[in-house]
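Before we start, here is the structure in question, set down as structure tokens.
For reference, chains read A, B, C and D in written order, and residue numbers begin at 1 within each chain.
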Amino acid sequence: MQERLKARARELLGDGVVTRVLGWKKGEFSYDITPAVFESAEELERDFVFDGFCGANLSKYLIQEASKPGKGKILVFLKPCDSYSYGELLKEHRIAKENVYAVGIPCEGMADADRIRARGIDGILGIEHEGEDFLVHTLYGDERVSVKEALAERCLSCKSKRHASCDELIGEEGEDVPDDVRFTEVARLEAMTPEERFEFWRGELSRCVRCNACRNVCPACSCENCVFDNPASGISQKAAADPFEENMYHIIRAFHVAGRCTDCGECSRVCPEHIPLHLLNRKFIKDIDELYGAYRAGESEDGKNPLVSYTEGDVEPSVVNERGRA
Amino acid sequence: MNKQDLKEEIVRMSGSAVEKCMRCGKCSASCPSYEDMEYHPHEFVYLVEKGDIEKLMASESIYKCLTCFACVERCPRGVEPAKVVEAVRLIVIREQGMNRLKPDDIPGLWDKDLPQQAIVTAMRKYTK
Amino acid sequence: MQVNEEFVPTIVAFCCNWCSYAGADLSGTNRLPYPANVKIIRVPCSCRVNPTFILRAFQRGADGVIICGCHPGDCHYTTGNYYTRRRMTLLFSMLDYLGIERARTRVEWVSAAEGQKFAETMRSFVKDVTALGPNRRLEDLRCRKD
Amino acid sequence: MQKIGVFVCHCGTNIAATVDVKAVVDALAKEPSVVFAADYPYMCSESGQNLIKDAIREHELTGVVICSCSPRMHEVTFRRAAASAGLNPYLVEVANIREQCSWIHKDKAEATEKAIILGRAAIAKALLNAPLIAGESPVTKRALVIGGGIAGIQTALDIAEAGFPVDIVEQKPTIGGKMAQIDKTFPTLDCSACILTPKMVECAQNENIRIFSYSEVESVSGFVGSFTVKIRKKARYVDEVKCTGCGLCTEKCPVKNVPNEFNLGFDNRRAVYIPFAQAIPKIAVIDPDRCNMLKNGKCGLCSRVCEAGAINYKQTDEIVEEHYGAIVAATGYEISDVTRYGEYAYTESKDVITSLEFERLTNAAGPTGGVLLRPSDGKHPHTIVFIQCVGSRCVLEKGKPYCSKICCMYTAKHAMLTREKYPDTEVYVFYIDVRTPGKNFDEFYRRAAEEFGVHYIKGAVGKIVPRADGTLDVQAADLIMDEQLRISADLVVLAAAIEPSKTARKLATMLTASMDTNDFFTEAHPKLRPVESPTAGIFLSGVCQGPKDIPETVSQAGACAAKVIGLLSKNKLTGNPCVAHSDELMCNGCSSCANVCPYGAITYLDKEFRMPDRTTKVRRVASVNPAVCQGCGACTVACPSGAMDLSGFSNSQIMAEVDAICR
């Protein structure tokens, strides 16, 4: 697949359809792949990577890259889940669509390097899909790990193999994945007593170091200026000084992306403290689906998201009490 | 069952919103069994709404409904009178444990031209 | 505030100018009492209430926050309270998910004619929050008074 | 450095009896920035107001806090007082210590403590108050009326009468609407055309009125006071200026078999036609779907006979752009589709007709010259059945849940007129309820039943079966007799539900006016603002707002005109300064705010920003039109970046109040 993407990128660069390519390259280690912009076939040849560690969602980089005046079109590779973020950003007018050439690519799920290393596999050099397994190349030879045991959490609960918006597709279009496991963890928390939930989240959120990685990576957190950085907002904070501010930051962040979050899972992927931040967003998604009908952010470039629309027969806020007691 | 429970049971079984009736009489105007009935479709709905259900249960009218659903089709309020009749009928059959139609009766009622489906339907309708 | 005696919660009530604030005025005009620890903040419409205001209130020591607006369909701005309804439903559900007591937040629709309802609502809300005791799960310890 | 003055009112004993006013003054005087604090028995009295004014001048106050009754009561009074002393009126805050304190609490200590906290919250808010100046916007002194039925005509005439120019846009080739098709009007039975056509002529002759007939609204932009509207003038293929309305072309046109819309298809018109004799404007129009010349270039007869040389086959649609201060929706109604009710056999029998069709069949200018004849065989009907509520009060998907309001009365009229003219005819009316609230309405209905012998039957018709002999077998129920009836009828008239014009929803979207689920326009307030849309500058006239009869329509049209005149007579509109505003540096241009704005007050601009590296970047940012914004604040919460804020109720102000209360 890597070679196919490279070839297509070279072609589009060569034809002058695009001037740049937004893709992935190796970081410090072969498993910390980072997004990168390639401007020539040589750069592509040297650095372009597409393997089982390419979890990073490239859509957010387009806000900057597609708005550079006079730079022409940029090619971007979008996995199915990334294409929803892209769709949502288009809907919010954050990306100049005319400057983007979006190529949808298939995805069989991305690996979580931590899970692989937790199995005692070290010196990772690369990773490949091979049937039901990941084939991990290491300094000490190849290792086999079953896909289920190496997949990132967000890929285990993948919502769709079908792309939302793109200009071209490489490979076969996939299908939606039923939501049967996606909300299991949220449901587990919901079933706890309030005290247990409070303890759970205290345990998680108290680890927050306010590095802002979640905010930086989140395609929905694309504000020019975040309210938490704006002294005039009255809620600005640099580092969370106490448990309240940790709560405040994460509640408000989740609320601001509610109805816009595509559940791409980047927040949890990048969190250095491994806080399951996606469980906050997913709670909103679950509530929205249950209370206002199934909705998938980014699926369409027009229409209104559930937080900026309503129906006259919407449930009352007291539903929260009733649902809990049932 | 007391009056209120009876009414709730009928409403539940029929799924009919009897309180939506605006007493236009279109059900009765559409009913092919009208002449044979003591209580007519609109009265069925009205009596259920009032909770006066014993009268209906005692009446032969419940067995006169052909379940042709003309009233259901035409009711502008979506009340579905035939389903109310059906529910009253079922309540009677259930309460008495009494089968209106016994398999033994069938040979006597047999008519060569009668579609088989009618017999099956009748068994379902009049038998517990 | 809590000096070995009965706990008196601090309650912030956001009331929309056109219905609920007028409803609160009416309960005053009709001399219908409700506890003095309820303090009303006037907003043009319930849809002006930002979740940050609610969290801010808890941070600064409120024990309960109630939002009152026109009945759905009666909004002075035609649609504001429909948005309030969705936002607050989702926010309250999130607070509950985080283990914050459900009864600390409430939305009620009170029209300008419902002075009685306003007073009753406030009495019942104060009762519920008093039963919960002081807000300890969503407070800022630096703002603690005792 | 802020200087706040605090004024605590006793309100006689209303406040002072339960709140220790002096203690409040003492406590608030100690608040930071408070330089003056005083109490007075009646702050709203002239001497109370003078106390405020003097203090503003003497202490050069930058803000005023008044602890008194509800701001809903006297905020305006105190703002005026401040303004007269040279202080911006929006620097005044009112703490409500009467309705929300002294009147509800009995314990004096408790009430005093609460009054102090409320005072502090008001001070906290006042410290963040900014002087606001109400924006002004100009008013284009011209109105647009969309729809040329009786509602639009009356509204336009009343506006024009007051001296303002007004344009009527009508999609049909003539104004007049449904009223032009009606025979007689209830309850007076005067001839509809006789009272309508003079008004139509008046429209044509009034110098202040322009009629855009055969035209549609293409787009609407702008806001109250200055709307820009594009109007599509559909090609008539007839020069409006040259055509004299002589009608020669309509006589010579060889295409004779086009169903005549005005007579609901009971007779035919030509491919070039004038809808009816009294049409305004009386200008011919060519039906492009039927004209041979336009279809295949073969004919041109009308062009040859037209002495005025008005025929122009090359004419195309024309878009004109006009500016208006106010827009009136008067799009009226249509008869709902009765073919959805198969039991009435409307599609199977020509002798089952709607009430509007009955109007044409009894109209002297109609296809039968006013003689009531059966459409099927042209014979005189001896038994007529009228059925009420066909599609009205029907909660099913195919029906209308509302009462169409006019049917009871026009059916009584039809029944009465039939019995009067043809006493040998038996007339049955099947009704669910007879609803006749209105002046002389019930008397009218009773006359039909009592004097004219119309058979009113409480019950419904279940089914109509056309028989081979041409009669209609009407199966019905008489609920009072508790019996099923069968009537052999010659003619059945259906009182079909009326529904808003199909064009209304598209128009409402253009106007950003709200609609209910039935596609009727929503009024700003059902009781107190019944002729205005919640969208400023948009007014409602006639049935587009809800079913109504002619007298009601005319009175609403007049009321609507009065509202328009009131708006147009202003030179400038002063807005509410407590409106939303967007911080361009913060705004992402994501459209969340515009999605929740009920007034369409937010638009987006592409704005150039200088970046720190001296490059420039164009970004989409929100811009609030202060003349349109009503200040609800929905956008402020929808905005994820916090770029949107509301003057007078800013984020920081509300949080300052929260802090003061929770302190």
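As a convention for this text, contacts are C-beta pairs under 8 Å (C-beta built on N, C-alpha and C of every residue); 3 or more make two chains touch, one makes a residue touch a chain.
Bear in mind the structure is a predicted one, so any value in this text is a computation, not a measurement.
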Subject >> Graph distance between chain B and chain C, where chains that touch are linked >> reply: 2
**OP:** Report the most central chain, judged by the distance from each chain's C-alpha mean to the global C-alpha mean.
**Re:** D
Original post:
Which pair wins on C-beta contacts, B-D or A-C?
Top reply: A-C
**OP:** Can you check how far apart chain A and chain B are, centre to centre, with Cα atoms defining each centre and the answer in Å?
**Re:** 58
Subject >> Distance between chain centroids, defined by C-alpha means - chain B, chain D (Å) >> reply: 47
**OP:** Could you put a whole-Å number on the gap between the CA centroids of chain C and chain D?
**Re:** 36
Original post:
Which chain C residues sit where two or more other chains touch them?
Top reply: 51-52, 56, 79, 83, 87
**OP:** Any chance you could list the residues of chain D touching two or more other chains?
**Re:** 596, 638, 651, 655
**OP:** Identify all positions of chain A at which a residue touches two or more other chains, and write them in rising order.
**Re:** 227, 233-234, 307-308, 312
Subject >> Chain pairs in mutual contact under the definition given at the outset >> reply: A-C, A-D, B-D, C-D
Original post:
What does chain A use to touch chain C in their complex?
Top reply: 186, 189-190, 194-202, 227, 233-235, 241-245, 247-248, 251-252, 254-255, 258, 280, 283-284, 287-288, 291-292, 306-308, 310-312, 314-321, 323-324
Original post:
Can you name the residues of chain C that touch chain A in the complex?
Top reply: 51-52, 55-56, 58-59, 72-73, 79, 82-83, 85-103, 105-107, 137-142
**OP:** Please name which positions on chain D make contact with chain C in the complex.
**Re:** 70-72, 96, 98-101, 103-107, 110-111, 113-114, 117-118, 121, 514, 522, 534, 578, 596, 598, 630-634, 636-638, 646, 649, 651, 654-655, 657-659, 661-663
Original post:
Which chain A residues qualify as touching chain D in the complex?
Top reply: 67, 69, 92-94, 222-227, 230, 232-234, 256-257, 260, 304-305, 307-309, 312
Original post:
Once bound in the complex, which stretches of chain D touch chain B?
Top reply: 343, 389, 393-396, 399, 432-433, 458-463, 475-479, 482, 484
